[in-house]
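Reading through the structure tokens given below for one structure.
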Amino acid sequence: MNNNVSLPVLETKNLGVSFGGLKACSEVDITINKKEIYGLIGPNGAGKTTIFNLITGIYAPTTGEIYLCGEKINKLSQETICHKGVARTFQNIRLFNNMTVIRNVMVGLHNRKEFKCSFIESALRFPRQFKVEKAMREKAKEILRIFGLEEERNNLACNLPYGMQRKLEIARALATEPKLLLLDEPAAGMNPNETMELVETIKKIRDMFDITILLIEHDLKFVSGLCDRVTVLNFGKVLSTGTVSEVLNDPSVIEAYIGKDDE
Amino acid sequence: MIDIINTFINGLSLGGIYAMIALGYTMVYGIAKMLNFAHGDIIMVGGYTLFVAIGLFGNPILAIVVAIILCGVLGVLMEKLAYKPLRGASPLAVLITAIGVSYLLQSLSQIIFGAGTKYVNMPNWGSITLGSLRIQVYTLVTLIASVVIMVALSVFIKYSKTGRAMIAVSEDRAASELMGINVNTIITITFLIGAMLAAVASTFYLLKAPSISPTFGSMPGIKAFTAAVIGGIGSIPGAMIGGILLGVIEVFTNSIPAIAPYTDAIEFTILIIILLVRPTGLLGKKRREKV
Amino acid sequence: MIKHKKNFKLKHYINYIGIGFVTILFSILSLTGNASISLQFLLEKIAISIILAVSLGLVVGFLGELSLGHAGFMCIGAYIGGKVSAMLEASLGCGISNLLISLIVGGIAAGICGVIIGLPALRLRGDYLAIVTLAFGEIVKTIFINTSAESFGGATGLSTPRYNREFLFIYAFIIVLIMLFIVQNLIRSKHGRAITAIRDSEIASRATGINVTRYKLLVFALSAFFAGIAGVLFSFSNYRVQCTKFDYNYSIEILVMVVLGGMGNITGGIISSSLITLLQVKLATLLSGNLAVLQNVLYALILVLIVIYNNAPRLKGFREKYSIKVLFNKIFKKKADPATVRDDEAKWDRVPTKINVDDLLSMDLVVTESVAKPDKGGEHNE
């Protein structure tokens, strides 16, 4: 591995984007170290998802740079960014609804080197096609097992209950072998039990796969139980950065959320 | 020079016809969020209605009124029977249904009237001369009528209650429903207006070339759709600009013998180029899909 | 590992078996002189329809894009392949080598156009793409109709070499088998999975690292390639190519076959295209003149009714009760597969929620009581 350990996994410098004069976010500097679980919090419309979209290449930043392990990624296509090691989930779940659970994960495995199989090899039914297909199936099952979804593997993704759909989306993202996993409100719509379970699962996958996680969440309990550090955004700008308790003690954060104390 | 002016006026009048048809496409697309492929065939039905009605009554004005009413009814029926059940289904399903309806209308008219060309006995108004410029009266009538209709439609949409409700539905159907707008009624009205405009367009088309066949509507339909797309589908001024632009281009390429046979190919190539450069057309709104 | 017998799924081979059986049966009939010319012609037509339906099904059913210019690709294949074959006739005669070369050349020419049409497909979606493909079909027609008599025959059309009828349909069915082999293997491979993923959600596919551009172009090219091959066969079957045949209506007819067979269902496409073609040929001899259009009315009605039946949100309950699939399961008393059906099945009938739960839940930052109120004192233990 030529990844310099000292290099942060993700670094954004002066990141900003504007849509027709409206600054969705600006001057965002975030540095995330390896194996960190990092939270992005802030009120609605603070630009959290916009930052995700910038990192994954859906929007092109108007200002600033994004570095993944020291490599600049802000001019690359979404696919290339994914190949470089960024995977994500979506706020409003985007599964491949007409495919089974296991096939959803197998799509995630699509670009892994060990499952390489050219178009011609597949179309003409070379032995490798079968080998790869079988190996992918096994690998997908393995990933599903982590999320407790193995039993559901032959169900259509759209028939899963909400919580499981969220988990499946994480599983699919994980299948792409990311260095950095972006989770957009992973606990939304889950009940307290499921949420607690999810906290454990996220920690587990961080350790198992040695990955760094950046997540957006509204549930402060969830964030404080999980995140090493957080950044609070408001109106597209960084309000505060630090551990959860540091941030919550920051007067500017308190002001933004609770309002000014007029005694 | 006189030739060029003459060609230009002809182009404008053809463009006016295209614009009228394109308005139907664009309004339906904007409000019902579907591409009504059968819109061109409403023109054809309008044409056959004129053919029958002029034969029956001998009075062209009465025939035109009958055609407009009949087309309006057809438009509404089409919407109620074929498209309404599919509201909320995938766009592909709706599109295929629209294609089926178009095909159905064409085949039915072929059974009723035969595949051959029928001559419609439209009034001939002759031409007027302005200096050395000779203009056909129907060209002027078409031009004036299309301008009047477009202005009237714009005013209707901007200032009437129904028109504003149409804008609201095209912006956000769910929200307008919550605000108490009867979305179904609005969509029906849209189809009604579109179909009636198609009947009017059909009349002007027949004034220009009074012969009709079951596929009479497809070419003007596709051309007008092209016009709507060029102008930016969903946009009413876009449909007008696109229609006029396409009409002028068509008449000009037709007037040059070397490229005249390729007129259709040229128009469609322009369509493809415009879509590649500006996927939402000239005046279309760019919609960013929320991620 | 022990090789499980259950890996062999009849479902996966039914198309080969069916087509293979038909091919062998009629080959024997034909070679022993028991097949009439009209039967041979019918079989050629069926083979062509199958190729068209399966290839369009790739774009419509698997990629989820609507193409209305399939006849345009066919037209290119027919003209280019027919021309090549006519040129080679002097040196190669009407043998299999000539046939092969012209098929491949015609297919590749159409395939290249498929890539060209696939390019806008990358930027346009749905309705816009449909209209571009439609425009493409019209452009192709206009270009060929205006060619000179020496090159492609213009409005009168292009004469093609006369291949031996006894063999032509056999070749056509062999091509069908080869195409099925390629298409089915592809669809069942990781590449096919990627294609269906794009259909389900393009945004998610990109985020999952699927090269959407590549796959879209690939599907368009492959679909056009086979349409081109069907075109070449069509030109040989009719001894003549006339571009007026490859109009918009023909594209619609192919679309009807795909929709009738079921989106993304290859076997369905094969059955529906064969049936429609059979019906067409039989009806053509029964009905004449304007009544012949009656079958078009029928197509149109079938198309509309099937789409409404399959897609209308209100008919969902009805569909679940009375679909062919349910009927099939009832007749064959299909045993419930424990992997797909769970005991608490009721839960699984749940319609995926239409209400956006995120919108309901994404209220502003919730300060729960366990996190002490930051404005007073400010001790946060957690």
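For this structure, a couple of remarks:
A, B and C are the chain letters, set down in written order, and residue numbers restart from 1 in every chain.
Everything that follows uses one rule, which is that a contact is a pair of C-beta atoms (placed from the backbone, for glycine too) under 8 Å apart; a residue touches a chain by one contact, two chains touch by 3 or more.
Quantities reported herein were computed from a predicted structural model and do not represent experimental measurements.
For this structure, the chains sharing the highest number of C-beta contacts are A-C.
Summarising the inter-chain layout, the chain whose CA centre lies farthest from the centre of subunit A is B. Centres computed as Cα averages put subunit A at a distance of 48 Å from subunit B. Once the centre of each chain is set as its mean CA position, subunit A and subunit C turn out to be 36 Å apart. Distance between chain centres (mean CA atoms), subunit B to subunit C: 31 Å. The multi-chain contact residues of subunit B, meaning those touching 2 or more other chains, are 291. In subunit C, the residues that reach two or more other chains under the touch definition are 203.
Counting partners per residue, subunit A has 58, 90 as the residues that reach two or more other chains.
Contact residues of subunit B toward subunit C in the complex are 29, 35, 82, 85-93, 95-97, 99-101, 103-104, 106-108, 110-111, 114-115, 218, 222, 225-226, 229, 233, 261-262, 264-265, 268-269, 271-272, 275-276, 279, 289, 291. By the touch rule above, subunit C contacts subunit B in their complex via residues 60, 64, 66, 68, 119-120, 123-124, 126-128, 130-132, 134-136, 138-139, 142-143, 145-146, 203, 248-249, 252, 255-256, 259, 290-291, 293-294, 296-297, 299-301, 303-304, 307-308, 310-315.
Put simply, subunit C touches subunit A in their complex at residues 181-182, 185-186, 189-194, 196-197, 199-201, 203-212, 218, 337, 339-340, 342, 347-348, 350, 352-353, 356-358, 361-368, 370-371, 374-375, 378, 380-382. Contact residues on subunit A toward subunit C in their complex (touch as defined above): 41-44, 56, 58, 77-79, 82-83, 87-88, 90-92, 94-99, 103, 106-111, 115, 117, 119, 122-125, 129, 132-133, 136, 151, 153-155, 158-159, 161-162, 172-173, 176, 185, 188-189, 218-221, 224-225, 244-245, 248-249, 253-254, 257-258, 261.
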